[in-house]
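I have a structure I would like to understand better, so I am pasting it below and will then ask my questions one at a time.
Chain IDs A, B, C and D follow the sequence of writing; residue 1 opens each chain.
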Amino acid sequence: MSELKIGLAGTGAIGRTHIDRINNRLRGGRVIGCADANADYGKAVAKQYGMKGYESPEAMINDPQIEAVIVTAADAWHAPYVLEAIRAGKPVFCEKPLSPTPALCREIVDAEIAGGKHLVQVGFMRRYDPGYVQLKNLIDSGKYGAPLVLHCCHHNYDDGGVGWKTRMSVENSMIHEIDVLRWLLGEDYKKVDVVCPRSSRHSGDCRDPQIMHLTTESGIYIEVESFIFSHHGYDVRCEVVCEEGILNLPEPPYAMIRANDARITPICHDWSERFPEAYNIELQNWIDASREGRVDGPAAWDGYVAQITAGCASEARDSGVSVDITIPEMPGFYKNA
Amino acid sequence: MSELKIGLAGTGAIGRTHIDRINNRLRGGRVIGCADANADYGKAVAKQYGMKGYESPEAMINDPQIEAVIVTAADAWHAPYVLEAIRAGKPVFCEKPLSPTPALCREIVDAEIAGGKHLVQVGFMRRYDPGYVQLKNLIDSGKYGAPLVLHCCHHNYDDGGVGWKTRMSVENSMIHEIDVLRWLLGEDYKKVDVVCPRSSRHSGDCRDPQIMHLTTESGIYIEVESFIFSHHGYDVRCEVVCEEGILNLPEPPYAMIRANDARITPICHDWSERFPEAYNIELQNWIDASREGRVDGPAAWDGYVAQITAGCASEARDSGVSVDITIPEMPGFYKNA
Amino acid sequence: MSELKIGLAGTGAIGRTHIDRINNRLRGGRVIGCADANADYGKAVAKQYGMKGYESPEAMINDPQIEAVIVTAADAWHAPYVLEAIRAGKPVFCEKPLSPTPALCREIVDAEIAGGKHLVQVGFMRRYDPGYVQLKNLIDSGKYGAPLVLHCCHHNYDDGGVGWKTRMSVENSMIHEIDVLRWLLGEDYKKVDVVCPRSSRHSGDCRDPQIMHLTTESGIYIEVESFIFSHHGYDVRCEVVCEEGILNLPEPPYAMIRANDARITPICHDWSERFPEAYNIELQNWIDASREGRVDGPAAWDGYVAQITAGCASEARDSGVSVDITIPEMPGFYKNA
Amino acid sequence: MSELKIGLAGTGAIGRTHIDRINNRLRGGRVIGCADANADYGKAVAKQYGMKGYESPEAMINDPQIEAVIVTAADAWHAPYVLEAIRAGKPVFCEKPLSPTPALCREIVDAEIAGGKHLVQVGFMRRYDPGYVQLKNLIDSGKYGAPLVLHCCHHNYDDGGVGWKTRMSVENSMIHEIDVLRWLLGEDYKKVDVVCPRSSRHSGDCRDPQIMHLTTESGIYIEVESFIFSHHGYDVRCEVVCEEGILNLPEPPYAMIRANDARITPICHDWSERFPEAYNIELQNWIDASREGRVDGPAAWDGYVAQITAGCASEARDSGVSVDITIPEMPGFYKNA
């Protein structure tokens, strides 16, 4: 079978990382063209990689040579490019969020259903992290009973200079937990509140840390702590308290050092060091499934549900009271997936 | 200096443990008499240990030979015996709770102030655990900035057959966290809620686990998970998220074993294995201070504040909404302590 | 650039694993043919994978379509196939050992030098394990001073039914440490002894465990414990005692579980679970370098030195006294590599 | 029962630590007098503690008021004072070594036997460390099969300015392992060698680290690494490889801290921080047993055997070859103990 010919829309840092990954390490696909809303920039990157450049992502998506699309543009461009790919009938991998606007997510869902073909995958890469997969297997084994409570944290050393805002802790950071825990537990959420404890002196104007509490349909209670300016490292933890055991996400495998009167094991400094294998597996699986006409990963529906939940969480944080989450009934189209 | 002559009121299991500890291992004190509300039982225990027996704890407290009193009776008897000791002008160590009833705690506080002499210590032994002391020293060093969030858990394997009730998770279990965290942070609480997630199938009629959220005066946010029927072991953890570091209560020092395709480190099965050194230090310090006419440990005021907080937590659990905690102003008598 | 067309000699279990890896996961190469000393077996495997079959590995190696060779045959066949590949002027990846016989290793070295082209890589995959790479980077950073002592262990749960013999602990198991520690430290060995402690009742007629002591040119002292019938799991550890710190090979990232009164972290049961990523990186690097006409990995020289060392270790074990190791001077051909 | 009246011979730092421990924390004994070879110094310390002073340790030992003796003098004085106590028929606790000279140890053994009364205990306090006791219980449980190999280390940050010499690594440091491992395994040693790897640049003229290999009667093989100028912390580790599991001495219980991109758990800086509880238990047990006319702890025989073994180890280090250890038959006097 020949390689999947991929076009990439949005040639920023993450996009270029995906190009390197697909063209130098993974198997079965090749990014052969790229484009950006800033046409000159997109063409410059295309030239640099020896690829085909285009006037616009839309033009690229509709190039008959392009068989599949990756969207790594700014969040606001996700929906338009994904919708264009659906119109073109091509598989599309869209970095999270599917769209910051739940209504646009719904539009994508409806377009995909109307098209009658599963085409959209959302870049919730944690589902592919071997650590989370271990947790899921342990839970699903039934050996430890039902999950009752989850304790999670998602810490950054700082905001890396991007100008963090209070709302981003839910929308850009804890959105990962919103998706991966829903997948881990196999349940939708029914209630959310967000508490803002005393802020760190490093957090500027942001409310930081923030603690999100989610309750699932069966009453599982989840605590997620986001701490962007934690000033200790990039750290993601997840503990699942079950009826007969407590399961912990593995720590990354770093060398332990005895020095300076201490046992010292590194923590990642930067998010980019934490889940490299998850990105590899995610994209390899997407390439493999796309070549066979399937979508195996997080679907447009998952992207939609995550944004509904995040919207409720933001509302809960702003209002200071808990918010009920109402998830529409899942269309049969996705149930069969 | 001669040994402190101690009388013990309430000759159940904990009382006898204290007798063994003081008479065989600690220095400077000796339990020379004991009594119980059940007079015959008290006298039988006295005989067994070769001690002086009494018709009643009150009679024992007023025996001129007795210089100091330990109260290990059933909770309802704590206040009467402590008040009797105050009337007798003798130092009294009372197991927690000082009294289940905040009003009776206040009566003790007022009686102690009226007597003009510091006499009462409450048995919150975790303040003496070397692990908590390490945490306190780390926080107080200022090296890691201000504490912002605490994550704590207090798990039992099961209820040991005592017939656990939903209310006991706050009143008998998390009461320890209520006191020790207040001491650790040096702040009173201003708000509490208690969430009941999905219960374990091992928890019978109890709501279990329960999660208590406390907010301190400065906005530190505390999560305490009580899980009585955890079916994994007796486990107490405490993690303090500070502005520049996260501090964890040490795990007990058990041998790590590689066997059966796993690295295995024991967890205590039973509460009695977890804090033996804390009990030793607590009682040694009480004996030392009593001989010098001081009370160095948790005072009647601390016992009172803990019961006010626990009362609010119980109310919050029953009502399902958060409850504001109003702590009366601390009398100058205790400020000077 | 088109894919590297690879022929595989020796179609047993490891060979088929390499086929799966290269053809389904790695990039830039494809196994297009295979052969076995047992011609029928080789052809059956070829048919199963839809590949070209051959009468013999030699025939395959000389097929002009084949651009590079992988040798995964039984140990005795390594030298003949590698020499055939050298004669054919094709890059060849040979699973360890290059040959069990040092003289045959030397013959390969001489043939490669005579051919004037770097062609041979030996399958010491631990050099590609991210954990060992971390150790090497930490040592090479100079931050912890010079290495002085190494403590290593290489444990199997049992022999997997292969019929282990005493000599195999050095030749088939600790041979990995012989190579990877030489690479880690950048020094040859000058002395070796092997001690046989009391054997386990599970070890049958084998001397097991065995402890090998290696001394390097600069006096670094290395202890390697091989324990084939350890009955606890497959476990590889490496601790490097330096002048200002002690460095430990990371443990594999498994979920930690609190259950049954213990904290439990899995250990691999089987060698195949321990270094999957190392195999991926090793073969990807071999494909990448082969396409560019280079050999970046362990060379024929390294394979030769490892077998000289293993031979001395076997002699030391049999004689019960330490043996001096004399490594011939490295030919300039390999110094330039 | 009245308190055991103790006299202490040798009023240096360790002696004064024992005084504090016995008089302020332990139960059932009291140091009431002390003396030193330097009479003025001994009397000054006596005055400082409000105790009886003496012209000499011998005078003190023979004071009828003194019921038991602790020897914390310089090593050379151990034998004379212990012999004096035996002559006086009084229980005597002697810090290790019983004597640096095996012949003097034997003289003590013979004197004790001649006196017909168990009087001597040697200060090998590690036998009382709860961690080693855990190890012993695990081994003795039989659950993990027979011990086959032990890996131990005994690291100091540096020599604390005492002017370390090469011979002291065996005689003053690894002497602890010599005793505690013999107790742990319940076997005498039959062979020893000592290897000196490349020395650290921090070790001055000393051979440091040193690695001692001991073989027991049943063939258990023991590796002990002494590294005095380790420049990483004071660290004692012990790993017991058994037929069905590997047992590790617990690490001391320190708070784990996440900070500076790392998980950090302190290691002791100084030996005095590592075994405080072992010293408490050791002396309490000695007091308890002495009051009842027993010696429960390490006997004169154990002190003698340790010095024979250390002597062989020193010889092995100096000669560079392994030395057979011949332990005389244990007198029936000690077998009955």
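As a convention for this text, a residue touches a chain if its C-beta (ideal position, glycine included) is under 8 Å from a C-beta of that chain, and two chains touch if they have at least 3 such contacts.
Here the structure is a predicted model, which means the values were calculated and not measured.
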item: Chain pair among C-D, A-D or B-D whose interface repeats that of A-C, sharing over half of the contact pairs by residue number; value: B-D
item: Of B-C and A-B, whichever chain pair has more C-beta contact pairs; value: A-B
item: Distance from chain B to chain A - Cα centre to Cα centre, in angstrom; value: 45
item: Centre-of-Cα separation between chain C and chain B, whole angstrom; value: 58
item: Set of chain D residues in contact with two or more other chains; value: 232, 244-246, 251, 258-260
item: Chain A partner contacts - residues on chain D that touch it in the complex; value: 157, 232-233, 235, 251, 258-269
item: Residue ranges of chain B touching chain A (in the complex, touch as defined); value: 145-146, 148-149, 151, 195, 197-202, 209, 211, 213, 215, 218-221, 223, 225, 227, 230-232, 241, 243-246
item: Complex contact set, residues of chain C against chain A; value: 24-27, 130-131, 134-135, 138, 144, 244-260, 277, 284
